[in-house]
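Two complexes, one shared chain (chain A), two partners (chain B, chain C).
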Partner chain A sequence: MTVQTSSLRATPTVPAAPVQRSRRSRFFEAWPPLTLFALGWIGLMLVVALGADFLSPFHFAALDLRARLQPPVGFGGDWRHAMGTDELGRDVLSRLIVSIRISILIAFFGTIISTTLGTGLGFVAAHFRGKAEWLILMLIDFQASVPFLIVALAVLAFFGNSLVLFVGLMGLNSWERYARIARGLTISANEQGYAGAIRQLGASSWRVYGLHVLPNIASTLIVSMTITFPETILLESGLSFLGLGVQPPLSSLGNMVGYGREYITRASWILLFPSVVIILTTLSISIIGDWLRDRLDPTLR
Partner chain B sequence: MIGFLAHRLLRALLTIFLVVTFAFFVLRLSGDPALLIMSVDAPPEAVAAFRKAWGLDQPIWMQYGAFVVHALTGELGNSMRDGRPAIQLVLEKVPATLALTVPALVLKIAIGVPAGIYAALRRNSFADRLTMLLSVAGFTMPSFVLALLLVLVFSVQLGWLPSSGIGGVVNMILPIITLGAAGAAILARFTRSAMLEVLGQPYIRAAQAKGLSWRRVVTEHALPNAAIPTTTIIGFMIGTLIAGAVVVESVFAWPGIGRLLVVSVASRDLAVVQTILLLVAATMVVSNIVVDVVYGWIDPRMRTAPK
Partner chain C sequence: MSAGLLEASDLVRHYQVRKGGRLFGENATLRAVDGVSFSLQPGRTLGLVGESGCGKTTTARLVLGLLPLTSGEIRLEGEVLPATQSKRWRDLRRVMQMVYQNPLAALDRRIEVGRQVMEPLAIHGIGKSKAERRDRAMAILESVGLQAHHFIRYPHELSGGQRQRIVLARALILEPRLLVCDEPISALDVSIQAQVVNLLLDLQAKMGLAYLFISHDLRMVRQVSHEVAVMYLGRIVERGDPDRLFTAPAHPYTQALVSAIPVATRTRRQRLILKGDPPNSVDIPAGCAFHARCPMAVARCRSETPALRALEDGRQVACHLAAAS
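Let's turn to the complex of A and B:
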């Protein structure tokens, strides 16, 4: 009897349940938990990068010689230096915050430069065809023929290092991807009706490419940017790790890992925190990129 | 086939030529090599003698011509650090690098290809998702971070393996795993998407429709077709055998090309840097040609030269 009543009582709620569940599952289908986490992490990184001056508890280069090699909270340290300190007593959390700012800034400008340069050259190649296109295709071949890390190392060997040169160098990374995409898509756009129609209406080439072709290929370019951005972070941190990228007293995530390597046996937290930040950041952008690709650009699947 | 090869060779030569040009101009744009190499307070006569010895007193286009001829005949100057020919210095380090990168390549293929095939055949299963998540994690993780994490666990905590240096096979285990992991991740992702692409083709449905078992459809129809794009990526990996270990060699203090490159960059040993640049470009270009030939061999559609 009790079974019967409970099942009877349960029946009215049955129709409501699938609706509720489907709304929630629909939400998670559009926004998978992993993507939400990734978006949250990138948001946090942006806040840290923008508000570095307000967030860091100490100046990133301030020494505290009485508190050298202090472990982080939970491993015998205290809240004064939540992530511990390094050999010179510098606060790891403060250095991490400044490093995040530098690394994000370099990756951001590097990606912007490479996208602009590549897309521009792609448009030029598709517009003029002939000799200009041939020259650009040759440059693309060249760029693709040598791993960029090697080229970057060669340039750094010859020119020495400065932050401006370094950011510019990061901007030369993988421009050829955008050039290829922009050229291919523009050629096919030029063959479609809309570009021709606007041209017939008397629009200049700038207008055609900037206001009509660009918005049409933007989603593909944005998805490619989610590949270039983590690549640039990896490249920058790799070079900085080798001591050839961002130079002290400035600090980037790669620098911190490179410095922490000396203390791997005694103070592994110095290298663990920046390592985790690098991994989570590049991983998050890749996850967001996959998600964006599925939403924006079914042709890339 | 002949036309196709000729076309490829032409493009390859052009690329090498561009790299030589790049090396020349980077050298020139960075300043007067005489002043760069000699000390600031060197006597003017010595600088002039140096310029004459290196042909720097001649017009730039003649210098360029001489540089290209020298580069193509393998004369790339002497190392500033120990005075020996740069090419000799560089070639000496090749075996050490290959000792790491070749086993790593085997590891990449042995893990990446089966994982990719498995994931594709069980699309959207838990195993597929896990493989893909691991794969994304694998190639977004910088090699130096992975290397240091491995050192932290296996050398510092467990004390099983040495953290760096040369010696026996034990010294090579961690570098090879580090190099292999990222490559396996890329290969798994690539193989999976190649397989998925092939499995969606009409001829797979046709093969099924004529009553072939699923096993035969996969082994006889899907795998050979998916092998074509996968070959490209593996070929690209062969091209990076020389230069793919720059960071990992530095972490593990392994005396290969990558370590030499980093040290030479830090000490501005220009001749050595240039030589490595050219060697790397040549390796990449040659491996690209080999891939194209293999491509033509396994895929008859590719045998005609592109217009």
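Let's turn to the complex of A and C:
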């Protein structure tokens, strides 16, 4: 059997040219073009978010009433305002850069908070079972049964609005998904799987959860994160659109879309640029999530 | 007898369950293990056989201290088994280890198998450096018949037999004196089964291990065991020397089990085929638990629970009728 296969491989029937092409195709197999684009776009967004102060040509709140509603380059505008201006003459590009920073910040920390919270509660439920599990399951059901937008509206209306509170609120979004995943996978690993076996070897709970359960469920959690991340951006956009998210003069992507809708017929660029950024960012994160899941699983390599 | 490695006396494990059917079903007791006693000497093998759901695996988990006892006592080298997850319980993992039915589930599929074999050493703080642990893992891999290049493989890249060898190596690296094998071969190919069983026998000869060998493969049990205990619905119904037990079973249930072993000869033998399923362990019938399916049951079997009694040849049987024979 082995002799046959090795002799088959040894036959020099493969010419030189296809080898080179196969090297390129192998590269694209590991790094699909769509993934490269997504990684590039997310990289660009991070650079923009981190370097917002240096990149924006104007201050995001600087008014220029003589240059109101100027179209972007290519639609009759000039390079002074590459993406045009809004109804108060503020530079759309500058506002977009600052908005990206705020939205990425909110979505990033919101996702981190909800992942940590949910996974932690899931582990607690799976480890202690009994009353603790019952309580956490009840919280999960409560969270899943109440539309989060309503909760968010109520909290913001009651406690007022600040950026810290808003990020914390976004962190409460969809934590129940992580709690469910973590609890279910941990219970099955404890009952008949590797985690039970490791515990039987005498390992402490820290070792079982930190070194074995968490790495094993990480790929599932990361994929969930790539769903939560765009969801958080969209939720933030929705809340800002409703006027309860990020407050003016500060600006976020959803906030820009919300205020831009009044000018959708006369100056659609105010709304279109942030919309495109939202779409591309959420799409890129989803693509990266798919790709990461495949990369992180040794059985698929 | 008291100098034994493992001394289990009157193990009982009950579960409180709710009877189905009604919305607020009444509570009932599921008697998974109901008064099991045995002892195991160093370097010996006790085979535990019985059909599915008779409490074999629960007994194994009780012996390892993975489940709390409802009542009864387990002594390991004279010491009462401490509570699960206590410091002492963790230390005792170096004395007793387990081999699983499904090796793929028992291994962490994200970690190279060699590092998994090294892990018990890290858990118990054995070995000064990583290099030393690595050397010991290499040595134990070799002794279970694997090569150095298997060290960096992932579990899914190995065959079933190789995976079971890894699980064995991980248990043996702590140099335990008792190995509980819970159906170690039933998930393997027949050709691999023999390899693994021979490996177990070799290791026993080399390291002086004691095995609690759980299986429903009666021929394998006969091959590896020094003593066999047959379980039915949480109780031991017959116990004794494997050769005598399998050639002349005394308990009707053992007779039925033995007659179900396939043989290669074409001679027709009388097969004892049991009617019906074993009763639910929630409502075990009064008297002998086996009487409903027993072809020889008499009136006494319905009212009086038989206790384990010694026969002339040293076997122990829990049957009213066996004493007469």
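The rule is simple: the second predicted complex is superposed on the first by the 262 of 301 C-alpha atoms of A that agree within 3 Å, B and C clash if a C-alpha of one lies under 4 Å from a C-alpha of the other, contacts with A are read in each partner's own complex, and residues count from 1 in each chain.
Simple rule for what comes next: a residue touches a chain if its C-beta (ideal position, glycine included) is under 8 Å from a C-beta of that chain, and two chains touch if they have at least 3 such contacts.
Small disclaimer: the values here were computed from a predicted structure and weren't measured.
In the superposition on chain A, contact of A:Leu234 is made with chain B only, not with chain C. By the touch criterion defined above, A:Arg207 lies against chain C but remains apart from chain B after alignment on the C-alpha atoms of chain A.
Judged by the touch definition given at the top, the superposed model places A:Gln247 against neither chain B nor chain C. Ranked by how many residues of chain A each touches, chain B and chain C are led by B.
Touch criterion met: A:Tyr194 reaches chain C, while chain B stays clear of it.
Residue contacts after overlaying the shared chain place A:Asn216 against chain C, while chain B stays out of touching range.
Within the superposed three-chain model, A:Leu156 lies in touch with chain B and out of touch with chain C [touch as defined at top].
Residue contacts after overlaying the shared chain place A:Ile278 against chain B, while chain C stays out of touching range.
Chain A uses no single residue to touch chain B in one structure and chain C in the other.
Residues of chain A that touch chain B in their complex: 34, 138-139, 141-142, 145-147, 149-151, 153-159, 230, 234, 237-238, 241-244, 254, 257-258, 261, 264-265, 268, 271-272, 275, 278-279, 282-283, 285-287, 290.
Remark: chain C residues 64, 66, 85, 89-91, 93-94, 97-98, 100, 102, 105-111, 119-120, 123-124, 154, 156, 167, 170, 174 touch chain A in the complex.
Put simply, chain B touches chain A in their complex at residues 11, 14-15, 18-19, 22-23, 26-27, 29-30, 133, 136-137, 140-145, 148-149, 151-152, 156, 163, 240, 243-244, 246-247, 250-251, 261-262, 264-266, 268-270, 273-274, 276-277, 280-281, 284-285, 288.
By the touch rule above, chain A contacts chain C in their complex via residues 192-194, 196-204, 207, 212, 215-216, 298-299.
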